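Labels for the chains are A, B and C, by order of writing; each one numbers its residues from 1.
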Amino acid sequence: MTERSPDIDTPKIDAVAAPAKPVPPAEEIPLLRIQGVSKTFGSFPAVDRLSLDIRAGEFFALLGPSGCGKTTLLRMLAGFETPDEGRILLGGRDIAPVLPHERPVNMMFQNYALFPHLSVRDNIAFGLKRAGMARAAIDTRLAEMVALVKLEGMEKRKPDQLSGGQRQRVALARSLARRPKVLLLDEPLAALDKKLRESTQQELMELQRRLGMTFIVVTHDQEEAMTMANRIGVMNAGRLEQVATPRDLYEAPASRWVAEFVGDVNLFDGEVTSHEHHRLTIATRDGGAIVVAVPRQLVAKSPVSVAVRPEKVRLSRPGPVSDAANAQPINRLEGVVTDVGYLGGSSVYKVKLDSGAVVRSSMANTARLDIDTLGAGQRVVAWFTPDDCVVLEQ
Amino acid sequence: MSTRRIFAQPARYAAIAPYLWMVLFFLVPFGFVLKISLSQTAIAQPPYVPVFDFAEGWAAINAAFAQLSMDNFRLLVSDNLYLSSYLRSLIVAVASTLILLLIGYPIAYGMARLPQRWQAIAMMLVIVPFWTSFLIRIYAWINILQHDGLLNTVLLALHLVSAPVVWLSTDTAMYIGIVYSYLPFMILPLYATLSKMDPALLEAASDLGASPQQAFWLVTFPLSLPGVGAGALLCFIPIVGEFVIPDLLAGSGSMMIGQTLWLEFFTNKDWPVAAAAAVALLVLLVLPLLLYDRLQRRTLEGGR
Amino acid sequence: MARKVNRLSPFNVTALALGVAFLYLPIMILVIYSFNASRLVTVWGGWSLRWYQEFFNDRAMLDAAWMSLRVAAVSATIATLLGTLAAVGLVRGERFRGRSLFSGMLYAPLVMPEVISGLSLLLLFVALNAERGFWTVTIAHTTLTMCFVTVVVQSRLASLDRSLEEAAMDLGCDPVQAFLSVTLPLIIPAIAAGWMLAFTLSLDDVVIASFTTGPGSATLPIRIYSEVRLGVKPEINAICTMVIALIAVVIVIASLASKLSSAKAESAAPL
């Protein structure tokens, strides 16, 4: 097979091809607009009046617990389910009534759904043949795809003669071969073991950047979503809880639910008592007070919750806390270490505060031989700054 | 709408041809059985007086309904021959099903406990005889059971009997034939449920203090009841209407309903009575058939 | 020592051994006696092909065998076609009006006493004034055996991963193309098994054939049946052995074909 430019297509395929461009600016019209889409199974609302815009060239992740409706949403984008209400606009055209085989969208299935009776070659070429592509063009595209997913020499094998990782690549190549405007990936890495999953994450990201294609991935694995995606939509009970970049999702969760779902968090419930000099003071239920930086959006309702990530909670032996940025007041909570979980790179400490609440703190194990480690029974001060806190409505 | 629905439309078109076929060659014929069971016997060809003629339209049909006769059914109820053959069919079917269960269960249980590789072979061994002709299998037993057959030769040689035993034309021979023919039908559903059972269940039972016997009766057997039901129905229903086995192996004394029907039809040429016997047989089987239908649908279309 | 509870006990082994012996001994005895030179069953007269020769000189038997083979081949083929379509309708058709009637009509004949099926079909043929013979028997056998084909194909189809069809549609197939290019190749083994089952069931049937055939067109089982009623005849042993051999050949070819196709797939791999 000769090396030819990947741009030699039949006209029919051209219509399907996506523009190869870097991530475009946000003000462009979104490639995919989901507007007020609902889907009910029996009496169970799987997706509930959900709206979402996805820009061309984005790597978007739908994250949520199982049963939150993320797979149903993906299947509606692929055309396997039709929304009960709402519109799905792809490039300005409503594709809700378009059948799956007529959509410029392809899907990589969770179990890969490789055709067991067809070779690797025929699996990848399947969609190209359906598109009526010429033989020579199919061969070119096939060689390109096989090289892309590094499966050279495997073309004649059947799916059951491949390893899990190889099968995953065939599925990827098959869904990419038609150059869809949007590639949908349903838990693409769930069937791989941990090591392979990490390297494949990198490969997927690289591939997406190189092809400039729009990827929408469904996953229940937050690390995976954080690593790969430009933006993440967190779904719960058929609705989007928050759409944000991985950083914002973690550092500025929009709700108590998101704060608890993404990563680990300490929550303090209380009432706002004062608001001055860019500071809020919150009286917690257990009788203490926490000072927090004023949130971007002012909290209208009281009671509230204060969320602090464990790695923001530092522990010190009792006594004055020496902090370089001591210009601001510090929240100090005293208690006793009850439990230490050694995780290798870091350790998680459980501290029972004098007020009765339990706070978790995660600290890096920076020194190999630490004679000064904190053990169970040790009295400590747990402290964090007002900027470490996020105020959430309850 | 979902992909299921997208596929449903063409799939329904696919069902049209077999649907029409089954209506024409399965459902409509029952209409004829019903109709003829209600008509008068005649010495003619075909040997019955048609109750109505489709060509004459509604008037004729109305007139025909006036002529419908329950005579054949009255005969079935009043004549001892029919009542006793119904009764015998039921007794034979119940007894055979019980024997099949007693023989089939240990075999299926043993199969389910074989190492995985051997299970496939055992499965083949059970299915293969089912592929060889049913008639041939009955005939094989006639070879063995006849007066100077193998069984008597062996028994005489071992001095277990002093004179040849009459095996053929007895109920014993018939039961042997029925058990032999229907054994795979009993084993396969039993094996299907037993092999699906999680071995950890028995380990858990013994861990909790049950002896192997207790574990069997408290765990294995209750869980295998769906298989027992499927196997029992799969055997019971056809045995009730069995014709060939009792005809070849049992004595000529009392007949099963299938034999009576055959006799009325082929020997006495009394089609209306034969049809009435068929209707009555069907009524007898309505309940088990409905049960079987539900079971089939549950297993084949389950999980919806 | 919880493992112990799942081990094979002597009781299990005995049950299996007796079961296999019970299933196979009678057939083996029949086969052996078909080669007996003596007419008497008790006397072993040495090995001989005498009874096979007798069969090949028996014009009526040969005609019946030919008739049976034709009926079996034609009815199995039609039954496979209709049964596969019925399975597709039942598994993929979702809910439609008359579905319960349809599945009821397809499951009932599996256990329906043959005397009823035979009688009812005969009454239909008489009412239609159809000439009884090859075609009436073929239609009757098709009706019975297509239900078995339906069950075999249906269970395979129901266990098939539906995401395969979705993947085919995602890659540009309409539902019919998806069925033909993905589903059909995957259920072919079940369809072939269905055909074989239909073929052997047709070759086996006495009762329905007796009702639906006409004078002068007896099938082989009808002939065997009428001979058997009169007692054991060595020639019947020979015929039965040949039928068993024919069925064994069909089974062996089928299993070889499935092994061959999987072996071919393996040899295609470079490693």
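Throughout what follows, contacts are C-beta pairs under 8 Å (C-beta built on N, C-alpha and C of every residue); 3 or more make two chains touch, one makes a residue touch a chain.
The structure displayed is predicted, hence computed values, not measured ones.
Asker: Could you pull out the chain whose C-alpha mean position is farthest off from that of subunit A?
Answerer: B
Asker: Which chain has its C-alpha centre closest to the mean of all protein C-alpha atoms shown?
Answerer: Answer for the innermost chain: C.
Asker: What is the distance, in whole Å, between the centres of subunit B and subunit C, each centre taken as the mean of its C-alpha atoms?
Answerer: Between these chains, centre-to-centre, one finds 17 Å.
Asker: For subunit A and subunit B, what's the span in angstrom between their mean Cα positions?
Answerer: 59
Asker: Counting in whole Å, what is the centre-to-centre distance of subunit A and subunit C, each centre being its mean C-alpha position?
Answerer: 55
Asker: Among the residues of subunit C, pick out those that touch two or more other chains and give their numbers.
Answerer: Residue numbers touching two or more other chains: 166, 169, 178.
Asker: For subunit A, which residues are shared contacts with two or more other chains?
Answerer: Residues 80, 99-100 of subunit A touch two or more partner chains.
Asker: Check each residue of subunit B and list the ones that touch at least two other chains.
Answerer: Only 3, 6 qualify.
Asker: Contact residues on subunit B for subunit C in the complex?
Answerer: Contacts found on subunit B: 3-12, 14-15, 17-19, 21-23, 25-30, 32-33, 36, 46, 103, 106-107, 109-111, 113-114, 122, 125-126, 128-129, 131-144, 146, 148-150, 153, 180, 183-184, 187, 199, 202-207, 212, 215, 233-234, 237-238, 240-244, 247-248, 258, 261-262, 265-266, 271, 274-275, 278, 281-282, 285, 289, 292-293, 296-297, 300-301.
Asker: Please output the residues of subunit C touching subunit B within their complex, sorted ascending.
Answerer: Contact set of subunit C toward subunit B: 2-9, 11-13, 15-16, 19-20, 22-24, 26-27, 29-30, 33, 40-42, 82-83, 85-86, 88-94, 96, 98, 101-116, 119-121, 123-124, 126-127, 139-140, 142-143, 146, 150-151, 154-155, 158, 162, 165-166, 169, 175-176, 178-179, 196-197, 200, 203-204, 206-207, 210-211, 221, 224-225, 228-229, 231-232, 236-237, 240, 243-244, 247, 251.
Asker: What does subunit A use to touch subunit C in their complex?
Answerer: So the residues of subunit A in touch with subunit C come to 78-80, 99-101, 105-107, 109-111, 113-117, 119, 126-127, 130-131, 153, 156-158, 160-161, 174-175, 178.
Asker: For a test of understanding, state which residues of subunit C touch subunit A in their complex under the given definition.
Answerer: Touch residues, subunit C against subunit A: 161, 163-164, 166-174, 177-178, 181-182, 185-186, 265-266, 268-270.
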